[in-house]
Amino acid sequence: MIVGIIMGSASDFDIMEPALHVLAHYGVPYEVEIVSAHRSPAKLFDYAAEVAQKGISVIIAGAGGAAHLPGMMASITTVPVIGVPVMSRRSPEGWDALLSIAQMPDDVPVATVAINGAHNAALLAVQMLAIHDSALRSLLTELKTAGYDKVKQQNELIQKRISEIKHN
Amino acid sequence: MIVGIIMGSASDFDIMEPALHVLAHYGVPYEVEIVSAHRSPAKLFDYAAEVAQKGISVIIAGAGGAAHLPGMMASITTVPVIGVPVMSRRSPEGWDALLSIAQMPDDVPVATVAINGAHNAALLAVQMLAIHDSALRSLLTELKTAGYDKVKQQNELIQKRISEIKHN
Amino acid sequence: MIVGIIMGSASDFDIMEPALHVLAHYGVPYEVEIVSAHRSPAKLFDYAAEVAQKGISVIIAGAGGAAHLPGMMASITTVPVIGVPVMSRRSPEGWDALLSIAQMPDDVPVATVAINGAHNAALLAVQMLAIHDSALRSLLTELKTAGYDKVKQQNELIQKRISEIKHN
Amino acid sequence: MIVGIIMGSASDFDIMEPALHVLAHYGVPYEVEIVSAHRSPAKLFDYAAEVAQKGISVIIAGAGGAAHLPGMMASITTVPVIGVPVMSRRSPEGWDALLSIAQMPDDVPVATVAINGAHNAALLAVQMLAIHDSALRSLLTELKTAGYDKVKQQNELIQKRISEIKHN
Amino acid sequence: MIVGIIMGSASDFDIMEPALHVLAHYGVPYEVEIVSAHRSPAKLFDYAAEVAQKGISVIIAGAGGAAHLPGMMASITTVPVIGVPVMSRRSPEGWDALLSIAQMPDDVPVATVAINGAHNAALLAVQMLAIHDSALRSLLTELKTAGYDKVKQQNELIQKRISEIKHN
Amino acid sequence: MIVGIIMGSASDFDIMEPALHVLAHYGVPYEVEIVSAHRSPAKLFDYAAEVAQKGISVIIAGAGGAAHLPGMMASITTVPVIGVPVMSRRSPEGWDALLSIAQMPDDVPVATVAINGAHNAALLAVQMLAIHDSALRSLLTELKTAGYDKVKQQNELIQKRISEIKHN
Amino acid sequence: MIVGIIMGSASDFDIMEPALHVLAHYGVPYEVEIVSAHRSPAKLFDYAAEVAQKGISVIIAGAGGAAHLPGMMASITTVPVIGVPVMSRRSPEGWDALLSIAQMPDDVPVATVAINGAHNAALLAVQMLAIHDSALRSLLTELKTAGYDKVKQQNELIQKRISEIKHN
Amino acid sequence: MIVGIIMGSASDFDIMEPALHVLAHYGVPYEVEIVSAHRSPAKLFDYAAEVAQKGISVIIAGAGGAAHLPGMMASITTVPVIGVPVMSRRSPEGWDALLSIAQMPDDVPVATVAINGAHNAALLAVQMLAIHDSALRSLLTELKTAGYDKVKQQNELIQKRISEIKHN
């Protein structure tokens, strides 16, 4: 039960790296592979062929521009594919990647997250795996609690800042 | 192991209905509920509170305009939430719903599908459930085969049409 | 009669701070609270529950990306909610926040101001409070006069610059 | 304490009419006036000059295309101005009106609602007036209850439809 | 030396049909095939494998939404691929198809034409083939002459209409 | 002192016709010519060469899609060119024509009006001619008065409608 | 016969300054004035009232965001108004200013130039004045010649650079 | 059999330079020329007139903003024209150039590549020339192999980085 992370180019790695840390945090094993829909199209099939034997349950695919990797992987494999639109230097604010990933036709879904949202892609993968894993579900419940704590802490910091502003 | 389908208004039903047929096709039980983030905000919590006891494993949420339902449900529950941007009469080509659903902050993912993509939302839910269900995985593999058949049949039809065109 | 300022994250504070200075200028008391629609959804209700007893008459809510905070607060409370779309690092020029805040469905209005327009959000709150407060109304009239003065001063500066340009 | 509704052209009336019904429902007196920023610019000042004596507390301004009416009225008067972007035949999906109304500079706020959102504009006006009117506040609280009822009724209808679908 | 026309679905045929008539006009042989990047991904390779033996010199690929077909075919074959963005019912004005086709990464070009521009795709294919075919070049020169004639004829018609208008 | 109206295709005539009526109203002579930047590029020069001898003082150019006609005419002639972006069937809401006409480089201005704004293009031409024509200036002043009258008449109509609504 | 240049704020001056240099180059007298549609609305009328007596023949108006200055000035005066959309820090790539200026309703044209196109605004003003000024027309013809020269010089530079590239 | 590269301004050279290196790599001769559609319109015809005698088989045209160069060259010549939308300082993310180049009318195709995609423009030119040049076809096949190698090398680098991350 591992998560396969693929991306079209090593230059996408910095955007995709947060996904690794999320998966590590939840103790979910992962592997990473450069698979370019455009430079190594046959590798799409090679990768898909090994999904079952490697025990890959979910695929996270990051790509920018005319971002075909997530959709093409979804066309070949039956495991859920999560797409991360990567904002690139040449891309008009990431619209091209967002639309290339989200606007898939019927029968070939891609679970699209926010532009540069690799962190959430990993969390979504964990949620999928947690459907049959009560330990993961507990950890995800903790994340909700942590969210409230984070808000509480940020709030305390802000109150200090407000207090200073009001006294100046 | 059922899929919970929620939508903000009965007027979204026609767009969301394809999801029901997909789930029925795969034999995946579902329930449908009108839950409006804006008209019945407390119901978000009521609904989330019953998720576990009802055995809801995945939630599909459809919404248009300032589409907050998928993201708000994702903020409360830990099961995966799939968001369907609904193109509404008042909406500039669905951009508002697409962005309101996809651009979620870290820690609260929503699996966004295409504008009006309820069919794919259901299929994505099936893929998630198939992670631990080999029967569903087989059915999903059949869908891939069916895709090739569909292309083959469409191709035959088109060849006839081309033949007519060439002979005119 | 105080103004409640809420924002989804401490990272929004720099954008929202101008609102504090405007309210201070008009002598309108305010309080600030981090309330994240996504990380602390229940706090939306806690906050709303205290609105009346705290004497909060208007709420200013700032949020970026899939900006659900203003709309969700408007769904729970009956006091006017002013929404500030915050342009974020990951956001395509603020479109996502603008649309997530402005495109609300019937029955749940949010008074949307410009992208990063916290200054105006506060001024709008003052205008609302001034409906029954002639002192505030006088101050707002002064702002109009100040506008003309500002234009006059800027004009004088520009005339000097023009004069230099024409003599070079 | 009345609401002034202005619009740039009689052709905007159908989009603006829902505002009248909302105000009538809440027993809030209103008057309607055609004031075109572009065809009758001096009337902006005439209108503003009578705001106080007529007892106008809030202005709702609807306009399409290069929609200057809300912002220009806000530049002259000190009462809150609510802007309704009207989607016109010649307008690229209402973007022009939305941006012309929302993107106001500091010191001159306009409370922007959704494209064609006249219903919400009126409700926002009621919320502003309710700050000092407990009867209106009670009515607004009833709207929240009505929202839950509406969702409940829609839900019952949908359950019947689901039941039919499941039995076919 | 034939042109291969591919499209993702039979529903794209009406948009793509003008390409056939252009090719027929120039006497350029063509074949048409339904090849769906998403429903028949392996067929991309089958098709590409036969390109040389069939004598396909240029490929025209039409697709809508997350339009991956042109780019994926370009990733496999070395013949020029011309992409036609198809405006679909679910697509926000064809932006998704235009960006999915045009914004290709370095090393994998797609020659993108206008939204629904199948006529021009065929003409571009003819221009490519004309590089080594003087007969085609002559025909293309005739098209230029025909353009002037068309303008002349339209102008004559318009002059009549103007004349009527001026005399009314 | 006549106005030259050019358009790329006879199919643009219905959008451009209002310009003729405006010019006729002001007694400004005009001529109309189909000049396609793309189908009759040399005619751009022919047309420009006759501008002076024909006494053309202003050119109005309408075009849709990749609308090059206004900018290209402006590149050749020295008389002011007014560009009308024509929303076409294949065009994403007229954005392409608006940007192709407005975003001209330094040294080659085009006076761009609203999408489908032929009426205003003609009025702008009249304003230019009125710089040295006091009779035209008087007529333009009358248009301002007519604007106030139009608003007054529309207002009277609306008051009746309001009165009916209030009494129902 | 002078050109009136107005802008909403001194902060727009750097963008507008090129217009001054163009007018100076052509020997066209100009005056500059800060006139804010939003901070000094009455000054719109004061300015318009003096247009005739000052001998202002054309107005150039620059504004950003919800850019109402050009359109409002056009609503009051009968001289041609040229609008310069100013890209501001808070503006999504200048779309708001472009649409607020270009999308004017019938009867109130604004001659819109490119985003930040003050240089061209001035040139357009010169073209308008040149309608009755043969000396200006000669200068504008020289600009066309200068364009060819500029291209020729740039071409020579580029040939050197190409030559270096080819020899490396 | 050479490739003609044209651009509107020397300032586009840095964006266009990659095309030169691609052509040099494939041993395809090229020439570069500054041809501005707007500053040197007649040079469009001069250039086109020499296309045949110079042996230019394909033209690559780069332009930004209201990018008319590719389309205008395509209107005059019969050789294929490849358009490169250049993202400029004043351009809203390159949308203007992309739409001005891609949205050409029937009969005048431009082969549009990605924003700033000069590298791919050259490769597309090589693909066109390779239709009748088996040596070029072999080199293009090598590019496909090189793509796989590049992915393999990048993958090895990433595996090291992953390994480090997993051990920290």
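As written, the chain order gives the labels A, B, C, D, E, F, G and H, with residue 1 at the start of each chain.
In this section, a residue touches a chain if its C-beta (ideal position, glycine included) is under 8 Å from a C-beta of that chain, and two chains touch if they have at least 3 such contacts.
Model, not experiment: these values are computed from the prediction.
The set of chains touching chain G and also touching chain H is given as F. Among the remaining chains, those touching chain A and also chain F are E, H.
In terms of C-beta pairs in contact, the better-connected of the chain pairs B-D and F-H is F-H.
Chain D and chain F have Cα centroids lying 33 Å from one another. For the pair chain F and chain G, the distance between mean C-alpha positions equals 19 Å. Inter-chain spacing, taken between the CA centroids of chain B and chain C, is 35 Å. Residues of chain A in contact with at least two other chains: 9, 38-39, 42, 65-66, 76, 90-93, 95, 102-105, 107-108, 110, 114-115, 117, 147. In this structure, the chains touch in the following pairs: A-B, A-C, A-E, A-H, B-C, B-D, B-E, C-D, C-G, D-F, D-G, E-F, E-H, F-G, F-H, G-H.
Those residues of chain E lying in contact with chain F across their complex are 87, 93-95, 98, 114-117, 147-148, 150-151, 154-155, 157-159, 161-162, 165-166.
Across the complex, chain C is touched by residues 1, 57-58, 76, 78-80, 82, 98, 102-115, 117, 119-121, 123-124, 127-132, 137, 140-141, 143-144, 147 of chain D. Those residues of chain B whose C-beta lies close enough to touch chain C in the complex are 8-9, 37-39, 41-42, 44-45, 65-66, 68, 71-72, 74-76, 90-92, 95-96, 99-105, 107-108, 110. Here chain F touches chain E in the complex through residues 9-10, 13, 17, 20, 24, 31-36, 38-40, 42-43, 65-66, 90-93, going by the rule given at the top.
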